[in-house]
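The following blocks contain the structures, represented as structure tokens.
What follows is a pair of complexes built around chain A, which joins chain B in one and chain C in the other.
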Partner chain A sequence: MKFAKTLASVATLVLAASAVHAEDANPAVIFDLGGKFDRSFNQASFEGAERFTAETGIAFREFELQSDAQREQALRKFAQDGFNPVVVAGFSNESAMTTVAAEFPDTDFAIIDGFVDLPNVRSVVFNEHEGSYLVGVLAAMASQTGKVGFVGGMDIPLIRKFACGYVQGVMATNPDAEVFENMTGSTGAAWNDPVRGGELAKSQIERGADVIYHAAGGTGIGVLQAAADAGALGIGVDSNQNYIHPGQVLTSMLKRVDNAVYDAMMDVQTGNWSSGLEVMGVAEDGVGYALDENNADLITDEMMAAVEDAKAGIISGDIVVHDYTSDDSCPAS
Partner chain B sequence: MDLDIAIQLMGSSLRLATPLLLACLAGLFSERAGIFDIGLEGKMLAAAFTAGAFAAVSGSAWIGLLAGIAASMVLALLHGLASITLKGNQLISGVAINFLASGLTALIGQNWFHQGGQTPQLSGSGRFLGVQWPLTETIGQIPVIGPVYQNLISGHNILVYLALLTVPATWWVLFRTRFGLRLRAVGENPGAVDTAGVSVVRQRYAAVLICGLLCGVAGAYLSTGMSAGFVREMTAGKGFIALAALIFAKWRPWPALWACLLFGFLEAVGIRYQGISIGSLQVPVQFMQALPYILTVVILAGFGGKAIPPRAGGRPYVKER
Partner chain C sequence: MSSQLPRWVDLGLIPVINLVLAFLVAGLVVVFIGEDPIQAVRILISGSLGSSYGIGFTLYYATTFVFTGLSVAIAFHAGLFNIGGEGQAALGGIGATLVCLAFNWPHWLIALPFAILGACLFGGAWAFIPGYLQAKRGSHVVITTIMFNFIGSALVVYLLVNVLKVPGSMAPETRNFAEGTFLPFVHEMLAVVGITVSKTPMNFASILALAAAFLTWMLIWRTRLGYEMRAFGFSEPAAVYGGIDPVRITIIAMLLSGAMAGMMALNVVMGFQHRLVLDYVGGAGFVGIAVSLMGRSHPVGVLLASVLFGILYQGGAELAFEMPNISREMIVVIQALVILFTGALENLVRAPMARLFARRRVEAA
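Entry: the complex of A and B
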């Protein structure tokens, strides 16, 4: 009897709560493997959500994935609990999102780095190859040895896309340059293995590389560390990572995941939600390179001019950066 | 050029083998005394976290190292309490320690630093940096010997050298001291040791504590030497590879060194050579990365020859009344 009473009051509470939040956004965000504080991809989505909270005073719920098996569970749980929108960052969530979004047609979902073709899903993808091209230009100009490196996280087409754009940028600037490419691994653990990342960077430095770009999430912390230790330059990714080793990080390839997360939440809040595919490139300020007081001394006027030229070229269409994922191959190597 | 690559590979192997070697010798002390320890992984992880945390807070890698050793020894005592005093199952106690360390490091790390279970980035004196040996520039000019001295012998951090020195030290302690003789005896025939009037319990506790000490150094090396800070699950199975190396080495110190160097070398090769081709056949990256694990399976399947563990291993000693 007592149990039934409790149940009834809980139900009333839940109903009351959902009535209050009916018009307000009630966002939830799911972080991918690698963790919320990877100083990179996930941290960018966390910052976007924080910005939303700071501006609207609406708190968000969050979940950090620990294993692949949790993807569907986490999505379904948030959708069941009435959260709207549910934002997920990471290509690995595509299939889970396809299943769950179909079950909850009234919930708005957003996926970053993936594409799900459902009427209630917004898919945000970035032209990482364009941003990587820009840092490739900078890398080629900053390199004294004519050898630069790339360390990727998990060996997937998305990361090859980073690598391919980077190589194109390097080669366009210095056709004689040599680029070493390494991938950390082929499982999710490759996003969070700084020891291995550092070792990969060291092996590239020993082969002569003096600028190393990473697209490896938490693994990249080790890459930047190894580069800084050896007096070489690192290039950060996703978030602005210049501050990690001031003066030792040439620049960072910015990928404005924070904007994508913020926009998704804000659009639900203001009633401007739209589904479908959104492509964020250099032209949309979705990707770019980072310039701040930590790397101001590393970027010469000449480099600045070259990279701005490249940027203008990409926007105008004079420079076409090949997208690895379009045909699973890279013309440059 | 080829010599350069070989030297780089060997240098890399040495760095990667160091945590394995320390953990392997830690297991050697414990198992020679008859206490199986599959909690090497957990002890290393706990030490890596504590070392990273204390080095970040104090700014001194040495304080981090001491804290890491302390944390590891506390877990070792726990293992001792469960398996020596309370005569519990040693394997279960080891598994429990692994889980405990995995959960606690993430939990404490999150509450302490609010960085998702990581510790802050270490810099400067918070880390063990490479030590340049004297006259590297001068000797580096000599062909062959120069590069070997400059890049292989010199330039590692102090814990690497410490790990290498631990090998002869272990051999000496185990095979040339009274303590070592008794330690090996309690692993083979504790009854005889007890009859001789030596405390089996005290001997085994000593072994377990030495194991904790070495695991502590291994863990501290991971977070303050090899990388700059702790991240969740950073041991990544090294404790288990160390166990495999221990069996491969048949519980002897010098073979343990070679076994660990071999595992380190395979990992270094996996890192260095991605996508090599033999003739027209492209070797997949995944294969190179799986090499150490494949080797582990091959070795454990018996290709390493017959490995006989200490006879009293895994059994708690019960004094007859």
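Entry: the complex of A and C
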């Protein structure tokens, strides 16, 4: 009896799903190994999907990857079941998506932070170095000691890209400044180790740093906490983290992964889907710095003018921020 | 106490009862989050064993766990608790990768022996240092091997980010291997004899895993070295009194254990990914501990326990697909319950069983 009931409900679900598919988007999101609630990248994609659901009333399906072998499996499963678009965040999915997207040419795929050259794939990449440059400018101006810090998660090219942009911003503003750089660890745990993040921040503060920028996911919560405890300033990353310690977080480097996910779903819904590479830089509002009531008192008019100058310079091309990943090296240090 | 129990109870019935208990408790958890536990078990089983696709993935995961499980089992027979499988497997991955990238191999059969050698050498070397420290300096392997996991992952990250990475790419991974190093997939091998099965990552390494299990059995129970290892594991003073060199046995056992963990690379790196990616081990080294505990460090037990964990991995993924309420963490809870009941709470069932059988024996007599 119960089984028959379950079957019936599954059948109606399937019917409903295929009926929806006729006109509406039927989105699915895959979260990378960090997990859905990493307070960073994956969570931003989750928030983007939630926003889509809140506005359209269309639910989305999700899957959290547990191992590398599941990448292809998850993509194929969602495509087979008729989900459209299938959105996945993380460069590690490039090769899996290359395989699966070719098998399902009628399904729209979106990959964030990676590039797949297929007609049905939208690849969204962010110019993290530009956003980091902007917060670097602010950090250099806010610092009294002329020493600022950076705490990264894992020592991978993506995080070096953050660090390199930040250092360039600091040095362009105050050539005599000193930047301390630390990475948290070498395993996936480095993205979720607030205690160690706090220790690194403390040691940087002891060496004289009074503004510390983190690009370390969940670890960064500890960095911001340590900075607030010591009366120094923290800088958040990915989403607006100014609210975590109002008045103690100078700003946040915004990387709008949520917008990218939301746009991918909404574009299918409204029939405006486009494939190809989308570069989200300062000019496209894909990256930037956060300004709200929590940090309004920290950003002086002078700082505001300088960072807006830098922003305009990047957009016009007068300021070229070097991208670490373009040649695996950083001119500033 | 175990001597009071018939062998079939000790090796067959008790693990099964433990497993049933684990699933009952896991079922309660599923009920608490508002899903139907019977349906959950159905999805778990049919997702992992219900199709050639599910079976392929299940056995692919199982193959990985056979290598890491045997690794723990070998060291365990010599009384050493090697919990560094994670790091040794990571280093084994480097070894196999260097071999695969070194030449443009004409055929996988030629590349395979060298890749095995590379994986074993690197994995073994990573276990040699803790083994040496234990034998010569008395630094306990439990401490040193787990510390070596971190050193190993730091080394792998350094190599992948600075040395082996494809220039200009964001991803910390090596370039793809040449086609001549790809181990054949099982679906390809079966296609040759006319059997069509779904495309899965299961590959030739599964056969290597069976061979490795057999060789481990030979080593432990049919060779002089294996006898010395077991004697040393039972009682070090007695073994030393019997003329067995403790330094030699400790180091050899750790070397073999590390080499076996490194062999995991053949399945994942050479058989499926065809390149080395960051953290390719993905916790399999630690699962190997559970597999070995559950399998009583016997190769056959390790094989069975590996398949069980393969089912939990693959079926768990299907469960997460079909029941969105059951998250990735829930699957880990279910796996943890299995480990808890089969490993830690073993005596929960054993003691009553021993009493039961003792009474029966008294009645029979």
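Quick note on the criterion: the second predicted complex is superposed on the first by the 310 of 333 C-alpha atoms of A that agree within 3 Å, B and C clash if a C-alpha of one lies under 4 Å from a C-alpha of the other, contacts with A are read in each partner's own complex, and residues count from 1 in each chain.
Simple rule for what comes next: a residue touches a chain if its C-beta (ideal position, glycine included) is under 8 Å from a C-beta of that chain, and two chains touch if they have at least 3 such contacts.
This one's a predicted model, so the numbers in the text were calculated from it and none came from an experiment.
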item: Chain A as common anchor, with chain B and chain C clashing or fitting; value: clash
item: Which of chain B and chain C A:Gly35 touches, first, second, both or neither; value: both
item: Partner chain in contact with A:Lys202 - chain B first, chain C second, else both or neither; value: first
item: Which superposed partner A:Asp328 touches (first chain B, second chain C, both, neither); value: second
item: Partner chain in contact with A:Ile315 - chain B first, chain C second, else both or neither; value: neither
item: Which superposed partner A:Glu64 touches (first chain B, second chain C, both, neither); value: both
item: Partner chain in contact with A:Ile299 - chain B first, chain C second, else both or neither; value: neither
item: Partner chain in contact with A:Asp155 - chain B first, chain C second, else both or neither; value: both
item: Partner chain in contact with A:Phe91 - chain B first, chain C second, else both or neither; value: second
item: Chain B versus chain C as contact partner of A:Gly114, first or second or both or neither; value: second
item: Doubly contacted residues of chain A, that is, touched by chain B and again by chain C; value: 35-36, 64, 155, 185-186
item: Of all residues in chain C, those that touch chain A in their complex; value: 36, 38-39, 57, 60-61, 150, 153-154, 156-158, 161, 165, 167-173, 201, 268, 272-273, 277-280, 282-283, 313, 316-317, 320-321, 324, 327-328, 331
item: Chain C partner contacts - residues on chain A that touch it in the complex; value: 2, 6, 33, 35-36, 61-64, 66-70, 73-74, 77, 91-92, 94, 113-114, 154-158, 161, 185-188, 325-328
item: Chain A partner contacts - residues on chain B that touch it in the complex; value: 4, 8, 12, 15-16, 115-118, 121, 129-130, 222, 226-229, 231-234, 236, 268, 271-272, 274, 285-286, 289
item: Residues of chain A that touch chain B when the two form their complex; value: 35-38, 64, 155, 182-183, 185-186, 189, 192-196, 198-200, 202-203, 206-207, 218, 221-222, 225, 229, 244
